[in-house]
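What follows are several structures.
Shared between the two complexes below is chain A, which has chain B as its partner in the first and chain C in the second.
After this line comes the complex of A and B, so read on.
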């Protein structure tokens, strides 16, 4: 299936969860804020939430330092 | 008459926030100050701290409340800039103490090593501007305590070092704490191009500052110049939000 991730088309296996997407992108789930179809996703839902077809996903990644 | 004599003894004239030399044609509504450089007039000091401001700015921010989460390279500089500009109340939080490795970028002094960061920052702000109200929280912040400790702020500034806490703060700003302004930061390590650091809007009164990629890691340290650029982006964005200039 196809989703949009930060404005770019991305092909995923059907049934991919938020956790699965972050793992594929090699991102630490704890340092990313995930928005799916304009809703901020609670990190507790990352394992269970299956991304729907055509999902508009925005990932905001934070790096250390301050 | 005595007032006129005082005016003649002054050696600095400031019109509408800017020093002026020689003669100057005044206009209706101009704000004019005659000062004697080097003399501290305790009765007038509070007003004099804001003589160089754009007129009207200080009145608008004197009643403002701004929270700063984390008092490191970003937080100490943000708090200092907001104190100098006269933001009326600052709510400052950090769990840590000042150590020697902080001094390459954080606004502390050698004689403050070992002090709590909140106490050292409060002492420094007192020396910059003694007329502000400071609320200090010497504790580690988390998802539960942030909304409680900062519920009354107009703008919350995220100055954490830890990227996990940066994400926590930003998520709260987009969900539970939508009623306030928020200015976070990510990516300011090393000495890459100044102008890669930007201020990006993520929602009504919600901003992130940084280049979003330069993380602190072995071989890429955090240093005063570039962290300071990001910190001052944050402080100016806070000012813009408070003045209603951010949309």
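After this line comes the complex of A and C, so read on.
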């Protein structure tokens, strides 16, 4: 299955959840926000939410800025 | 004490977290500046470097996070960033920035006002970055902005307070705190803003790119304190002609 993650194509096993994706990317779920198809995903749904084919996923976090 | 919405701050210097050469330098410079509120931006996670994470570097017990919407070109993008900031940071405080032109990074007044109106209704504490326009300042205040943040000069230019007379009018009229943001390049600029009666200043570039950011952080911290103290002490009037500071009487013996 292919999704777009931060603007780049990514191959995932069918059935991958948000939790699964974050684990694969070694990201601490507490420091990122996940947008799927422009909707912010509630962290409570990470375990259950299976990413759909062609999902546009954005992983956003705080960075230095003024 | 500075009060914004329901929160009080001892320091009237807000720090930025961009452009530092390393996290260690940033932390030391912020500590030496005395800042309690710091701005952060939102960007895509760098998937090549997943450990590069400012949340693991900055102590949230010590600093009040003020996420910005830098990069937003219109109200819609700013609102999207605001929602992301709330989701990742658990805060409804927001430095609203809408800058359609990357060359000048000047704030769009129409889109800024529009976004302020919407975000205030959604429960955000909105601190809008704005041009030094006294009428816009009143409009933002009426829309429920928690502060107004007029620019001294364009972002990152270190030019100081180019908009002095307009900022003076803004301060005179404001019912909410006035934070001079952007363009302050030297501690003397920050002190001048505070002497004029600004409630706070926000400084990023001038500290981050200094030869010694840690010493510059402290210099800005001291300047902000000195400027505020001078404002509270009430400055003497300035005039065009000389006025002797030594007595004019008792000089008859020279004649």
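FYI, the second predicted complex is superposed on the first by the 61 of 66 C-alpha atoms of A that agree within 3 Å, B and C clash if a C-alpha of one lies under 4 Å from a C-alpha of the other, contacts with A are read in each partner's own complex, and residues count from 1 in each chain.
The rule is simple: contacts are C-beta pairs under 8 Å (C-beta built on N, C-alpha and C of every residue); 3 or more make two chains touch, one makes a residue touch a chain.
Keep in mind that what you see is a predicted model, and the values were worked out from it rather than measured.
K.L.:
Once the two complexes are aligned on chain A, which partner has more residues of chain A within touching range, chain B or chain C?
P.N.:
The partner that reaches more residues of chain A in the superposed model: C.
K.L.:
In the overlay, answer first, second, both or neither for which of chain B and chain C A:15 touches.
P.N.:
Neither: A:15 stays clear of chain B and chain C.
K.L.:
Between chain B and chain C, whom does A:62 touch in the aligned arrangement: first, second, both, or neither?
P.N.:
After superposition on chain A, A:62 lies in contact with both partners, chain B and chain C.
K.L.:
Return first, second, both or neither, reflecting whether A:31 touches chain B, chain C, both chains, or no partner chain.
P.N.:
both
K.L.:
Answer with first, second, both or neither: which of chain B and chain C does A:7 touch in the superposed model?
P.N.:
second
K.L.:
What residues on chain A does chain C touch that chain B touches too?
P.N.:
Residues 28, 30-33, 35, 40, 60-66 of chain A touch both chain B and chain C.
K.L.:
For a test of understanding, state which residues of chain A touch chain B in their complex under the given definition.
P.N.:
Counting only chain A, the residues touching chain B are 28, 30-33, 35, 40, 43, 60-66.
K.L.:
Spell out the part of chain A that touches chain C in their complex, as residue ranges.
P.N.:
Those in contact with chain C are residues 5-8, 25-28, 30-33, 35, 38, 40, 58-66.
K.L.:
Enumerate the contact residues on chain B facing chain A in the complex.
P.N.:
70, 72-75, 159-164, 166-167, 170-171, 174-175, 184-189, 202, 208, 210, 212-217, 222, 227
K.L.:
Any idea which chain C residues touch chain A in the complex?
P.N.:
16-20, 26, 39-45, 47, 50-51, 53-56, 65, 67-68, 70, 80, 83-85, 87-89, 155-156, 182, 202, 204-205
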